[in-house]
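Common to both upcoming complexes is chain A, partnered first by chain B, then by chain C.
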Partner chain A sequence: MSGNSLLIPCFVAVPLAGAFLNSLVGRRVRALPEFLGALAAFILVGLSLMALQSVRADSVWVYQVGGWKLPLGISLVLDGLTAFMLVTVNAVAFAIVVYARDYMERYTSKDLFYTLLLLMLAGMNGVLIAGDLFNLFVFLEIAAVASYALVAFGTERHELEAAFKYGVMGSVASLFILLGIALLYGMTSTLNLADMSQSLAGHSEADLLLMVSALFLMGFGLKTALVPFHAWLPDAHPSAPAPISAMLSGVLIKCLGIYALSRIFFNVIGMSPRVLTLLMYWGALSMMAGVILAMGQRDLKRLLAYSTISQVGYVVLGLGLGTPLGFLGVVLHLFNHSIAKALLFLVSGALEYATGTRDLHNMGGLRSRMPVTHTASFVAAMSIAGMPPFGGFWSKLLIIMAAVEAGHLGFAVWAVIVSVLTLALFAGVMKNIFWGEPGLRWQGVREVPGCMQASMLALALFSLLSGTLLVPGIREKFLLQASAALAQGTNYAHMIMSQI
Partner chain B sequence: MLEQQIFYVDALARTTGACIVFFAVLTLLYSWKAMPKNGGRLGYNLYLLLSLATALGAVLTGHLVVLLVCWGLTGVFLYLLIGYGTKERTPATAKKAFIIIGGTDAFMMLGVVLIGQITGSFNMAHIHLSLAEPAALLAFLCLLAGVLAKAGVLPFHTWVPDTAEDAPTPVTAFLPAAVDKLLGIYLLARMVLDLFVMTPGMNAVLLALGAVTIAVAGVMMLMQQDFKRLLAFCAISQAGYVLLGIGTGHPLGIAGGLFHMVNHAIYKSCLFFSGGAVEQRVRTTDMERMGGLARPMPVIFTCFLIGALAVSGVPPLNGFVSKWMVYQGIIEAGREGGGLWVLWLAVAMFGSALTLAGMMKTVHAIFLGQPSHDRPADTGPHESTPWPMSFPPLLLASLSILFGIGAYDLPLKYLIFPILEQAPTFPGIWQPTLATVLILIAIGGGMMFYFLYRWSKTLRQTDVFIGGETLDAVPGMRVSGSAFYDSVQELPGFRSFFVLAGRSDPYELAARIVTRLGGPLRDLHNGILSTYLSWCLLGMGVLFAVLLLR
Partner chain C sequence: MSLIVKTVTRLTAWLILLYGINIILHGHLTPGGGFAGGVIIALSFIHLTLAYGKDAVLRQLSKEAVHVWESVGALAFLAIALFGGAAGYFFANFLPAGEPFNLFSAGSIPLSNIAIGIKVWAGLFSIFLALVLLRINRGDK
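Showing the complex of A and B:
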């Protein structure tokens, strides 16, 4: 066990410590919750960059809790995909914590807010580093329960209703996941991912494995909000405070849904062609349904939530292609969408902060009143819509390229059509909010405070420049390591076992 | 090494690039006085320069992905530049233009990916695809969609008239009228000459698109009340000629098409620039409210008239030469077989007549006829156009004349023929210099007779009157000329044509489809938890069925 693997438990320990400190003394000391939140997120960003630095494509870091040897003890694992996700999650979280400093002025009990936020962050980081199914499930539940509470944070009528729906449907998902885990445990007598994978390799009960696959697909599909399991998301994501919406849409569904799904299916169970095909069609369905549903929305945050369903569909389509190029596109699209969608939710928060409304038909002409918000939202909208040279263009290019390369021309055309609709959607959003002459009602509107501006501008910069991640020399470190982890398939187990 | 991969500068790129830089400089000069002083001048100039840079990048690169990026960026800057318009509908227009341009860009992305997949390279120098393969055909069509939207050809033309109406005039003169057309035709020429091996069938598609564009846009042009909208339809119709020329597949036709592209940029910018000067003076673009501006604005009138004659293809101006070459190209290509060339030729000539008719209406309504009485602001009897606004149209009008008279010695020799592998030979007889002399003699003779006749005093002159009253006595009684062809709408076949033309906007069509799909889908989301849970159950069932049934 080297120094680097000592890093791994910190990803859970730091936010957990922050959360506990907050709940103990946060109420007594003014401005302590903000400070603790920012500090924890800052440390996490530093840690995840260190993790990214130390990880290699051909090896993984394993931390064995309490020194108990695998497969007996609990293990925490850090590989390329985990490092990539850690950087994305914690960077977005840091931007959100900075943003929340000014935004949350309108709410009471800020200590609870930061406690829950840090708990959710701990859960997400835990899912990413978990080396066994049970811990993965526990951390998933920690993040999910914290997010149920955060959706209800405003405690208005519709927020509570949304949180209730979210809670019920999230629990249904968790139940199915738990059932799947139980069945797998019964089959393999182990919960450790690597051990389980090796044990499954010699297994002959194909039908039971397909049953488990269906359970997992449903559970994680619900967490990812794929059509038709998506119905909770357009209620839950808009109801949370804006920074939390950004967190939920930007990173939470990707950790709990996409990451867990692809880790289990690609690295443990092993992908079958049938599941891959299913994922492609499923992604295609979500892409189209999400964007068409988003078209008619008046509430900006609800529109963004539907667009999330559509964009995650791209990711699932890319996963279903199952080629290295597709994985590269998936990884980059995850990153781009995390940044851009988080930014758009922050923009919606800034607009609500400044104007008090989220109704698209009521706004208009805010470009001259809120130039920074306008710039940020322009960049994010262009990125999601896939206009060159913004980040989203490159990831869509890669996914379409991968689809063509794999011979799925129909899916490529489909992805292009959805991309056109997304562009139309966001051109409409920009027009309704920012273009034209400001009405009399918005004459007194002023730009949001400094912290919110800084956070939005930073994310906009990432969104604008994320295409440079593809430059040779940079892509090996960040993107290729992550996509290689997906592409290696069940070789994952071998890599972990050889590490001990 | 990297240079070889990214840059690909041949005669076609040089010609297009030179034109783009030329128009950018003129537009910057023109915008100096044409744009209002306050409100984001820095951003406006920055976006202009950036769209120049990206347009140049798109033209000079040999790497298809770089082309895609630069091409897409010009669309983004067009969107931002339209935003400087102050009309009420400007936001909606910017959105529409951006969606059409950006949407076709997405299809271009697919085209580029397909090319990369088939050939294994994104380098233009290595690509020479046969259209026999279905994937290559799809790639061609995808790229063609981008080309048609950029160049404003049917069916992706609908953003051009709206943009002309609602964007600032210099932006219209620079992007849709000049640079976007140049870019679109550049890529089309690149595709036809280098990237693909054309088949007769695909040439016929281009020809048909060109012919339909000429005819439809020509008829639509006649009906317009707003002169910028009219010019935009004229621009669409002219792009049809370029398509027709390139679609012939004959060197002469291609050279004619490319020459027409350069010429069109020259006179259409000239028309928009002089129109912008008029607009600044009378503060309207409605032709009904203009009239009689030739006297107070002689310079602008001359420029506009030359531009109008050039676009109508009146010899010896440049528009005539390129149209002549396109006609010759069609005839030459027709020799090799197929009877359709007669149709293309007839449509092209008919379109030319339409253009002339439309331009005469415009010239009459704006500059001749009686001045309108409800003109909002008239700044005085003398021309008060500042020189940065009158110099660009003057220069362009002189270029129109120069490129017409000296067609063989200047533009064709240096700009157009180097693009083709071998200079085409001219079967027809057209000697511009001789023709000019003859035309001048004819005009001189006519004028001599006119003045002799006037001088002899046998001609009776009287004021214009209607129903026995002179027009000055009845201010409302006035013929502006903007309604010259309104009766065309009443003709038997044309009524349905206009209804169809109004409905067939692909943008509106797509919007309607999406709304129709979205409505029922949205209604399903009733917010009731048990409904949502039953969907989950349903999805679960499908998952089990897909995975477990064999």
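Showing the complex of A and C:
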């Protein structure tokens, strides 16, 4: 196990290099921003597959930046969960960059778009590989600040308003997190996650730890947009250009919210039954509130944003169960939702591109006009709704089975009810947009350009086939490694410390 | 601005600039460094803009040039980190450390400070320019 490989820092260095090269020469050479963006994302997909290949369930990779030994120096850590998230994030990012090639033709300042997109990607990858709490925070802020700017990218009035709201709420969340980090640093005199975890194990200040937990739950709850901290999301996510909405709803809230929350609570502080119970109720509340609020929406992107709140509720419920089966469901649902929700936002972008509207009540009968978009949308909607054999079915099934197994029958029934409501919601969406008689108004509508189609079809294929990730032989490499990283709890610190 | 402000600015802008450069170059020896020095350099430019107006400054240093410097600073910092990677570790100090407390010591750290200084100077100054230009555009409507 070589800790010397440059592979791990490349996850940050490649997108940063792409971003700043873009801002340096992107304006001068035509088509260079698209090329640099696609190249960086492609390299990152390759690197993340290499990382997945090299990581094993019983060990971690620790990279000591600058050669400074732990726990003094900055460390970057690659374990099963990190590798899983890296593959998900970078694969979705690549699909989005391909899609954006045609979609962003209507916008100006494409060099700035790709610069910000790559900066956001660098921030997300940085959060995933950070081995200490302060770097995690810094990368979290890089991703968040880039996303504030991207939400405002269209610079229309409502976009600026949404970005401002998002910026304020995001900063409040960051402040909670920073205060939590400061208190933890005061308690343990270290920022390294592994060192901190070992130091906390011998700590008796339960009250202070409770305060820190509350701060982190509020901070990351805001970043994850769990009810009642969700108010910014339905404004922010729909206001961005469609590829960015896909990135925000698909992967950003999972990196900045779910991943950071579970890394800190499961692997560093150590999960307490109280927090687990809170997470279960919190997830259940978000699931139901998200889907009910989504039902009242006419704007497709707003509806999708509310549905994100609901689906993230499933993930949080699964985390709260705290069992290995629950964790397996969590990681599979993270993957499925990343792909399917990104795809649905891309579909909404395609519809807006072709028809100029996002109003559900204005569309109808577009199936014959836009067959590829229809197919992609159908697969993604059914995956989110949890219909077999689409990916979402398997992950929801796992979470429901885990709830039954853990003796929480009420939560299992609740999850089934939300799933039925989600199905009703998306059946309505499909009917309103694609099915029925094509209106005269949409006679001239044509299918979107090739890159957008290719990207949507690729994501649809992943969404359709993601159930196969559970096949023995494949699941060990991708899913079980990730869920094992959550299930190991504070043993994480021993794994890291044994590497040096 | 009045003659007094302009005269005082003419005398002090250079001092502030040199002080910023001094802070950056001595970043590895004394408190301060790339970030603090970059902020001070940006302040000297902001000082000039406030006293002489944006046109006088933008004639000497265009918005695009600031943009280029910002990217160059970031890329230089990344390049130093990657050179370290070639020498063993990402961000490793690949140059000889020299005598402690000498100006030419500490290997690649002064170079990193200079890169950060450029990035911070250009970044802050372009934020200031963006605020100035945005306000003027709104005034036109």
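Structural remarks
Going forward, the second predicted complex is superposed on the first by the 496 of 500 C-alpha atoms of A that agree within 3 Å, B and C clash if a C-alpha of one lies under 4 Å from a C-alpha of the other, contacts with A are read in each partner's own complex, and residues count from 1 in each chain.
We take it that a residue touches a chain if its C-beta (ideal position, glycine included) is under 8 Å from a C-beta of that chain, and two chains touch if they have at least 3 such contacts.
Values in this document were obtained by computation on a predicted structure and should not be read as measured data.
When both complexes are overlaid on chain A, the residue A:Leu24 reaches chain C alone and has no touch with chain B.
With both structures placed on the common chain, the touch criterion links A:Leu16 to chain C but leaves chain B unconnected. In the superposition on chain A, contact is made by A:Pro228 with chain B only, not with chain C. Of the two partner chains, chain B is the only one that A:Met295 touches; chain C does not reach it. Looking at the shared chain after the overlay, A:Met187 reaches neither chain B nor chain C.
The partner of chain A that touches more of its residues, comparing chain B with chain C, is B.
By the touch criterion stated above, A:Leu49 is placed in contact with neither chain B nor chain C.
Once the two complexes are laid over each other on the shared chain, residue contacts for A:Leu208 go to neither chain B nor chain C. Shared contact residues on chain A (touching chain B in one structure, chain C in the other): none found. Chain C meets chain A in the complex at residues 67-68, 70-72, 74-75, 78, 81-82, 84-85, 88-93.
Across the complex, chain A meets chain B through its residues 164-165, 168-169, 172, 176, 207, 210-211, 213-214, 217-218, 221-222, 228-229, 231-232, 234-235, 274-275, 278, 289, 292-293, 295-296, 382, 385-389, 393, 396-397, 400-401, 404-405, 409, 412-413, 416, 419-421, 423-424, 427-428, 430-431, 435-436. The touching residues of chain B, when paired with chain A in their complex, are 65, 68-69, 72-73, 75-76, 79, 83, 88, 90-92, 94-95, 98-99, 102-103, 105-107, 109-110, 113-114, 116-117, 135, 138, 510-511, 514-515, 517-519, 521-522, 525, 527, 529, 531-533, 535-536, 538-540, 543-544, 546-548.
Every residue of chain A that touches chain C in the complex is listed here, in rising order: 4, 6, 9, 13, 16-17, 20-21, 23-24, 63-67.
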